[in-house]
C-alpha cells in the first residue's frame, strides 16, 4: 500500500555500476579511499561537500569528546545483551544505540534546536541576550526541559566543554552558537534558581553549528561516536565478560514490593 | 540471579571523577580531544594504544571503503523504519545496524577468521599455499561458505580492493594476510569450479590484520562505517522521504500465493 | 553515576526463590501456567489483576485485529534484516518492532491519548461533542495530527473497526471512549474538509480504554501483536527467502539524482 | 543489486483489498477477530492451521511459563533503554528482545534442535536411549553445550517444568519429545559428572514439538512471551523509574583496572 505522499523517488548519496561506486558525486575507489579520513568522509556523506581542515578538526574533536564515558546505561545494556546473545555483535551494538535517546545522549540534538531557535530569533534583529531570554521563557512556559546543561557527575564544569571551545577557537570556527550557549548558561541561574554548567551535549552542537554542520544531523554525532566506544566494550566483553556481573548487581539493587503467595520466603 | 562464571569485575576502558574523564589511561579533555582524529581514537579505544600514522591510514581507508554503497538492504530497512518512527532516529540507525549480519556486512569478520586460521596453520611451518589449501578443504568438508569472495554487482573485480591494497602497500602495512587473501582467491577456481573475485569484505580484514588490528573486533569495522552512511541517509530521509516509496515497491514485488475466502478479489 | 532522581528501588512484577517464581503475587507454576491464557496473563502482567472474561475477549480481539496486514514496512524491514543476518532471529524481530512508531503502528497510543483527553474534558461537565470540539481545535492549533483516522488502503471503512466494536458491544464493554471515537469521526469532515474513516489504530484504544486497559500501555498492543506476525514471516523467510527480492525491488524504485564523475555510465 | 538466488516472489501469509484483509486464507474481520484467541491466532499465523484445543492449551502454557522472571538481563537492558529514550517505547522493547540470544532465552530453540536430532536418529530404528547417547556424544565431541538443562537459580528443579509436562499430559499432547527430554536429563550425570535439571527452555520445546509446533519457529516462543513481560515492565518504568538506579548499581559493581594519568584520584 502507498503510505503518505510519494512524490520523490530519488536519492543523491550513492550509485554504482559494475566497475565504479559513486559516493556524493565522487569515484569512491579513485577519489575517496586513501584520500579522505573517515571523519572527512562522514562530513561528505552527510553534507555532500568535503569539509575544510577547520571543519574536520571540530568534527573530530566532538566525536572524540562523546565516544566514551565508562559504564553509562547504553554501555551496560550493550554488554548485557552481548553476554546473552554473543552470536550477534550487531544486536549488542544496536541495543546500545537504542539508549541514545532524548534524556541522555540525544540531548545534543535538543540543545542544537534550542540554539538554532535563539539564533533565528536574533536574526530578526534582537540581541542574543534578548533572543535567548525570549526562547528560554517559551521553553519554561511549555514546561520543556533546557537541554545541554547540568551533568550528574561533572557538576561544577564539564571538562570536555572548555577543550571543545578551545579547539573550535583555534580552528577559527567559534561564532554565535558558542556565544548563545554561553549566554544561556549565564541566564539559567536567574531562570531556574540554580547554576547548571554547560555540558558536552550542549558544547557539541554549539561548535558544530558554528562550523556549518546541519542541525538535523546532530543526533548522528553521539550515535556515531558511541558506536566506536561500544565496539571497544564488546571486544573487552569477549575477552573477559562482565555483562552478567552487571545484570546481577542491577537486579540486586531492586526490591520486590508486590504481594507474595502464602508461605513464600524470599 | 548470577548467570555463568563471574570472576572478573573490572574494565580497563574508562573511569572518571568530577574533574577528569580517563579514557584508556589518558585524560580525555587534555590529551585526546583535539589531539587525536576520530579514527585514531577508535583504534585507541579498541586496542588501548595510539596507532601509528600507517595504521591510522589503513583504518581510515577501510572505514571509507565500506561506509556507503547505495540502497543496500540495511539502508532500505533503516529508511523505512525512520519513515514509520521519525521520533526515534536512534531506532532507525539500530534497524540498519541489525542488518550487518553473517550474510552481508559481517563477512569481514568471517573472512578475517579464515585468514587468521590460514596464518596460524602457516605458523606451524606449512607454506601459505599449503596452509590455505588445508583450511579451505576443511571449510568445504564442513560445508561452510568461503567469506570475502564474490559480489552480486562487482563480478570481475571489486574496485575497492585494489585501492585498499595500494594504500596498505604505501603505508608499508601489507603482509601475509594480504598474501593469504590473494592465495585463497587463486585457489578458489580449482576448489569451486568458478572464479570469485576478492571483495571489499575480504580486503578489509586482510589489510587490517596486517596492520595489527584485532581479529575479534573486525565486525566493528562495517558496523562503525555503515553508521556514518546511515546517518547521511536519515538526514536525506528527513529532507525528502522515500522510505514508504521503497516499502511500497518491495510489497509490490511479492505475490500472495495462499488461499483466499470465497468471492475475494485481489 | 547517578542519573536523575532515584527515590524508588522496587518493582511489583516478579520475585522468586529457588523453588517458586512469583508473578504479580501468584505462584507462576501452581496458579498461572495452565490456568490463564497468554492473553489473560498479559493483562495480569500489565495491570496486576486477572481480567474478566469480557476484558479478555476485547483484548484478544484487538491483538488478533492488529497482528498482521501483509508486507507493511515493518515486515519488509524485518525480512530483509533476517536475510542479511540469519544467525539472529531476535535481531530481525527487533528491526520490525522498531517500525512501530508514531506514524504507523504507534498511532494506537496517540489516538488513546486523544480520546482520554476528550474524556477528561467531558468529566468536567462538557458534553462529549463539545469536549471533542475543544480538544480537536487544540490539536489543530498546535498543528498536531489527529491519530486514528484514515487509511491508505481502507479508505471508505476499515473492516476491522466494525468487528471490534461489535465484539466489545457483545462483551458489554463499549462505553464513552467508543462514543468519543465515533464523535471525532463525525466532526472531522467539518474540521478537515474531508471524511477520514476511523481506522483500526483508533478502534483499538477506544474498546480497550472502555474495558479498563491502561492508556500508558496502549503502545504495547501493536508491538505484542506484530511480534506474532513477525515470527510467522520469519519462519516463512527461512522456508523460502524473499528478503533480498524485496530489497532489490525497493532499490530499483529509487533513482540517483546526484552528480557523477566524468565518464560514469549508470 | 540482486543478492543471492531470487526464484520465489511470493508469500502465503496475508493479502488484502480495500474491503477485506485475508490472513492465512481467512477473512480477518469476519472469521478471526472475536473468534480466535490471540494464542490460536499466533498458531494460525505460524502454521497456517487453526490449532486444536489441546494444542492451544499447550502453547498458552509455554507462553505463560516464559513471559516473566523478574530483573533478568533483557528486562534490565530494556528498562535502562527506556529511561534514556522515553520517546521510543518500541526501542526499549527492541533492546530487550535483542537479549533473547543463544545463551539465555534462545536456548529453547537449541534444545528443540537437540531433541529433534535425537528423534530423527530414533526414527532410524535406534531406541531413544541409544539415539540420545549417540547425539549427546556428538555434541560433546564438538564441544557444543547441551541446551535446556541447568539453571542459575532453580538448581534442584525448575518449577515450571513439572507443570508444563502435567498440562501437556492432560491435553494428551505428551509424546516422544518429552520422553527424549527426560532421557537426556537422565544421561547427563554420566556424561558431565553432575546432575543438571531440565529447565523451562528444555521443557518448552519438548511439549511444543509433541504438540506439532514447528521446530524452526521455536525461538519465537520466548521472544513473543517476553515481549508481554517487557511491556509490563515499561509501564511500571513510566510510573516509577528504576532504570537509572539499575545502571548505577551495575556500574558500581565494576572496578577500573586500567592506567590513570599522574595525579588522578578516583
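Note that the chains are named A, B, C and D in the order they appear, and that numbering of residues resets to 1 at the start of each chain.
In this section, a residue touches a chain if its C-beta (ideal position, glycine included) is under 8 Å from a C-beta of that chain, and two chains touch if they have at least 3 such contacts.
Since the model is a prediction, treat every value here as computed from it, not as a measurement.
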| item | value |
| --- | --- |
| Where chain C and chain D overlap in contact partners, by chain label | A, B |
| Intersection of contact partners for chain A and chain B | C, D |
| Rotation angle superposing chain B onto its copy chain C by C-alpha atoms, nearest 5 degrees | 180 |
| Most widely separated chain from chain A, with each centre as the mean of CA atoms | D |
| Distance from chain D to chain A - Cα centre to Cα centre, in angstrom | 34 |
| Between chain C and chain A, distance of the C-alpha-averaged centres to the nearest whole Å | 29 |
| Residues of chain B engaged with two or more neighbouring chains | 1-4, 9-15, 17, 20, 30, 70-73, 83, 85, 87-88, 90-91, 94-95, 98-101, 103-104, 106, 153, 242, 244-245, 247-248, 251, 253-254, 256 |
| Category of the chain touch graph - line, ring, star, complete, other | complete |
| Chain D-facing residues of chain B, complex | 1-4, 9-15, 17, 20, 22, 24-27, 30-31, 48, 72-73, 85, 87-88, 90-91, 94, 103-104, 152-153, 253-261, 264-266 |
| Footprint of chain C on chain B - complex, ascending | 70-74, 76-77, 80-81, 83-88, 91-92, 94-95, 98-106, 242-254, 256 |
| Chain B-facing residues of chain A, complex | 1-4, 6, 8-21, 23, 28-30, 32-34, 36-39, 41-42, 45-46, 57, 59-61, 63-65, 67-71, 83, 88-91, 93-95, 97-101, 106, 153-157, 159-160, 162-164, 166-167, 170, 214, 216-217, 219-220, 223-225, 227-229, 231-236, 238-242, 244-245, 247-248, 251 |
